[in-house]
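Some structures to go through are shown next.
The following pair of complexes shares a single chain, chain A, combined with chain B in the former and chain C in the latter.
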Partner chain A sequence: MPVYVDVGRCVACHGCEMACSVSHQGRSGVFVQVVDDLVGVSMICRHCQDAPCIRVCYAGALQQEGTEVVLDETLCTGCGLCQAACPFGLISGGTRPFKCDLCPGLQTPLCVTTCPSGALSDGPFQAVAGHFRALAAQKLARSGVRR
Partner chain B sequence: MVATICPYCACGCGFYLEVERGQARRIIPRSDHPVNQGALCPKGWASLEMIHHPERLKWPLRRTADGWERLSWQQALQILADNLRRIGDTRGPDALGFLSSTKCTNEENYLIQKLARTMGCANVDSCARLCHASTVVGLRRSMGSCSVTNPLSDLANSRCILVIGSNFAENHPILARWVLQAKEAGATLIVADPRRTPTAWLADQHLPLRPGTDVALLNGMVRHILDQGLHDRDFVQRRTTGLEQLRSSLADFSLARAERITGVSAGELARAARAYASSPASAVVYGMGVTQHASGTAGVEAVANLALLCGQLGRPGTGILPMRGQNNVQGACDMGAMTEFYPGYRLPEDPRTVQVFGAAWGSTCLPARKGLTSMEMMDAALFGTLKAMYIVGEDPICSHPDQSRTRQALQSLDFLAVQDIFMTETAEMADLVLPAACWAEKEGTFTSAERRVQRIYRATDPPGEAREDLWIVSNLARTLGLNFPYTDASSVFQEICRRVTIYKGLVDLGDFGGFWPCLEPGKWNEILHQDCFPTEGGLARFLPATYCPSTQEPGADYPLLLTTGRKVCHFNSGSITRRTPSLLAISDHLVVEMNPEDAAVLEIVEGDRVWVKTVQGSASGYAHVSGSIPAGVVFMPFHFPATNRLTGDARDPISHIPELKAWACQVKKEV
Partner chain C sequence: MTLRRQVELEGGRCIGCTACSSSCPAGLIDLSQHNGLRRIRFSACDQDCQICQEACPTQAIRLVPGEASVEVSFPLLACRSCGQPDQPAALLEHLRICLQDILPADSWLDICPSCRRKAEGRNLAGQWLKARE
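Let's look at the complex of A and B:
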């Protein structure tokens, strides 16, 4: 499942970026973009259901496995087409491409657990949407009480 | 896997170090740790890179005409002892100065201040002087205790959080976790900061006050609360004294006046005051935006007045949280590494203090007076009365204001010894450099900002012949013929538990440490001031806080106001983070942040190399043009040595904390 960012909570500390890089031999699949010196947006592979990177990969290095987009480095030719195809710019590296692998072996990706402000979450679409819906409902409920 | 505590800020996050063939290889944040719950900020992750860094100091070094000469420990300790003894004997112990380190353990701080004082020298201080000296003095005067009152995680129980002069999102990122939990439950977050920081981004209300006007902002709020009768009359009556003096001191402090001074509208100030006063549980978080001013003590006292007036103390979700910068700055103060206090905040002027410690340490020459603060040590060195300094784990060249003056001061010493893990800018000037072990290479305890005393364990061996500060100080003391019968950190900690009342019951620290004050094992109050204050009579005092305009208002020659602070990927003087490749990859140069309006007038665009000039000196950096900073204000982080070339020597008369937040400057594009 892809990792979601709640931009209202992100403080742009780069903790997720560092954690990813430390646990992936110095390469990070997370990029914290700071927009207008104000909003931190933690950019992480969306593991698209119909992924442009898979479509352009003629070597078959990128494959859909369940809900994940998986990169097999041994098949990669380093042509760079996937990097150009990704609408979020989240495949990095030249001849050694790298993207979010959702931390195989860990129950929750490291970027999610390391986030000090709890801005990142993972889980199925419905669960994430449900979480945000519950928060929004609480907020609405409170504003009702105040009046 | 070795359990440890993060060596950077004072939150006290826990993680494991995975050790392989004697090398620390991996960090695993502790998901069971009550402070960080498995989270870790980028500095925590990068802490691994300092341990096996190629530039670590490995051998004792002596300066010679031909460069550094490698010494044996025996030679080095003899040289240090001989010089301290020679200068102490000929010029008196007051010609010596000791700087202890808030990066060192409690045990090491205890020993360093003991070393100084058993030599008869009262001049022992630490970098707590530069960050929260005003907190220590101010909060003690008003409520008898000078620490965070509630655990950091208790912020989650707040209904209103007022943050003033703290950019916790960058400097104590883990706080964001607890603050956002509170917000999610409906709390209001108010952030007062001249800049629109990442912390301000989280806020419901941002009060962009002019740098150096914190006292005016707080006084305006306090006066409004009094005028509107929003204060907690019951709390004020039962728990405090001095309300009438406070009221009369604010006679001329209308909201309109506060608006004129701070630049924040009276309506916004009134809204913030009402939110804080009327919520069932409000907390104040403050940082160096309040403390690092020539009126720093007044700022802290103004914060205390606000909390006392509204009765926002002693309950879950309330409290005052001065956010400490260094991992053990609280502990260093507790251990007496401040010249005003012996261990446990005992006053040197109290005859019982010298009696108790004299008997404990078998010494008859303990100073019964306060000595020089670290700021005054530099004055005394320039004046020629201070002749030798032994500096442990501090880099005054980068961290003290007015760098050229600090440099001159250290140059005029007869003898300077520096003990550190890297060859810092200060160490470069030393006659003798001693290589120390870093946090992962030793045992001991750290006291985090929330008064949590936690153990650290040795994970790896120090590089080369580097040694734990505890070993170095004990052996130096023995070379000097002093009574230092300590074998390891735990033997020192046992003595601390015996001699420092607030640590008395902390004999078994368990997995996640314990809070002081703790008089009986396992029993402590995480929340202070629930029933009474630790003052004579048990009451807190309102202290009129006088607003003084900044020492340096911008004028014709220096039209802009320079304020200094921190960035998320660096730490303090930068001696560690400027050597950490992964942090440098995110931010590797000194930025000068300025507003687009000012930049346009000066024809400066993003990335231009610029020179910043003040009456003290000039420094260059790269422009970052940003709407996050108000017009007329320039921001520079102090992690790079150049910044403190610009700051000046104004200081708070009571706590001697320097003015580092508001200084007139001019900026020019490099041609």
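Let's look at the complex of A and C:
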């Protein structure tokens, strides 16, 4: 399951990028954008259903495994087609492509554990959406807004 | 001694990707990119392998006896958003064919990856800003 971001909570600290590159030999699959010097957005491979990167990979290096898009570097020819095909530009690395692998071997991806503001979450979409809605409701209750 | 071979490109099939240059174990295929032009130079080969031929996504490469170097060049199309050189036209056309069932009319292919991230960041942040109003 992909890592979801709650945009309003991201403080653009780049901790997720750092955690990713530290745990993946200096390569990061996370990209933090700051929009208008105001909003931080952390972007990570969405593990698309019917992913364009899988469609263009003729070497079979990119495969759908359950809900994940998995890159097998041993089959990769380094053609760069997946990077040119990703609609969100979230595959990095030039001739040695790299994307979010959801930290195999860890229960929770490292970017999610690292995020100090709780902006990143992984799990089934419904559960994550419910979690983010609950956080938003708490915030609203704290601010004392009445409709 | 191994027979010396050279590359022969099947007319018009090469799309200017980086598969052969990043696969050649002897580093005999040189890729360079300057001033909006991608050049791929195939030096004559003395290795006993077919890796470049097998790696090619369009089966454009044939290895034939010979000593010559072969060079192809591709002008890089400018990104629609930032104007920086991005990919060869033939490569984008190849992607367009692979993705024809899922590609929207206003496709992302002529935008460079960095601008795609910027656009998506703006898109997500815009949703959040609207929710806050």
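Keep in mind that, in the parts below, the second predicted complex is superposed on the first by the 132 of 147 C-alpha atoms of A that agree within 3 Å, B and C clash if a C-alpha of one lies under 4 Å from a C-alpha of the other, contacts with A are read in each partner's own complex, and residues count from 1 in each chain.
Definition applied: a residue touches a chain if its C-beta (ideal position, glycine included) is under 8 Å from a C-beta of that chain, and two chains touch if they have at least 3 such contacts.
Being a predicted model, the structure only gives us computed values, none of them experimental.
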item: Clash or fit (per the criteria above) of chain B with chain C on chain A; value: fit
item: In the superposition, chain B vs chain C on chain A residues touched; value: C
item: First, second, both or neither for A:Ser117, with chain B first and chain C second; value: first
item: Which superposed partner A:Gly78 touches (first chain B, second chain C, both, neither); value: second
item: Which superposed partner A:Met1 touches (first chain B, second chain C, both, neither); value: neither
item: Touching partner for A:Val22 - first (chain B), second (chain C), both, neither; value: first
item: Touched partner set for A:Asp37, first chain B, second chain C, both or neither; value: first
item: First (chain B), second (chain C), both or neither touched by A:Leu135; value: first
item: First (chain B), second (chain C), both or neither touched by A:His14; value: first
item: Smallest separation of CA atoms, chain C relative to chain B, angstrom; value: 10
item: Common interface residues of chain A - those touching chain B in one complex and chain C in the other; value: 8, 36, 38-39
item: Chain B - residues contacting chain A, complex; value: 26-27, 29, 31, 36, 38-42, 44-46, 48, 169-170, 173-177, 180-181, 184, 186, 196, 198-199, 201-202, 568-569, 582, 586, 626-628
item: Residue numbers on chain A that touch chain B, as the complex places them; value: 8-9, 11-15, 17-19, 21-22, 26, 36-40, 113-118, 135, 138, 142
item: Of all residues in chain C, those that touch chain A in their complex; value: 17-19, 21-23, 55, 57, 87, 91-92, 94-95, 98-99, 102, 108-109, 112-118, 120-122, 124-129, 131-132
item: Residues of chain A touching chain C in the complex; value: 5, 7-8, 31, 33-36, 38-39, 41, 43, 50, 52, 55-56, 58-59, 77-81, 83-91, 94-96
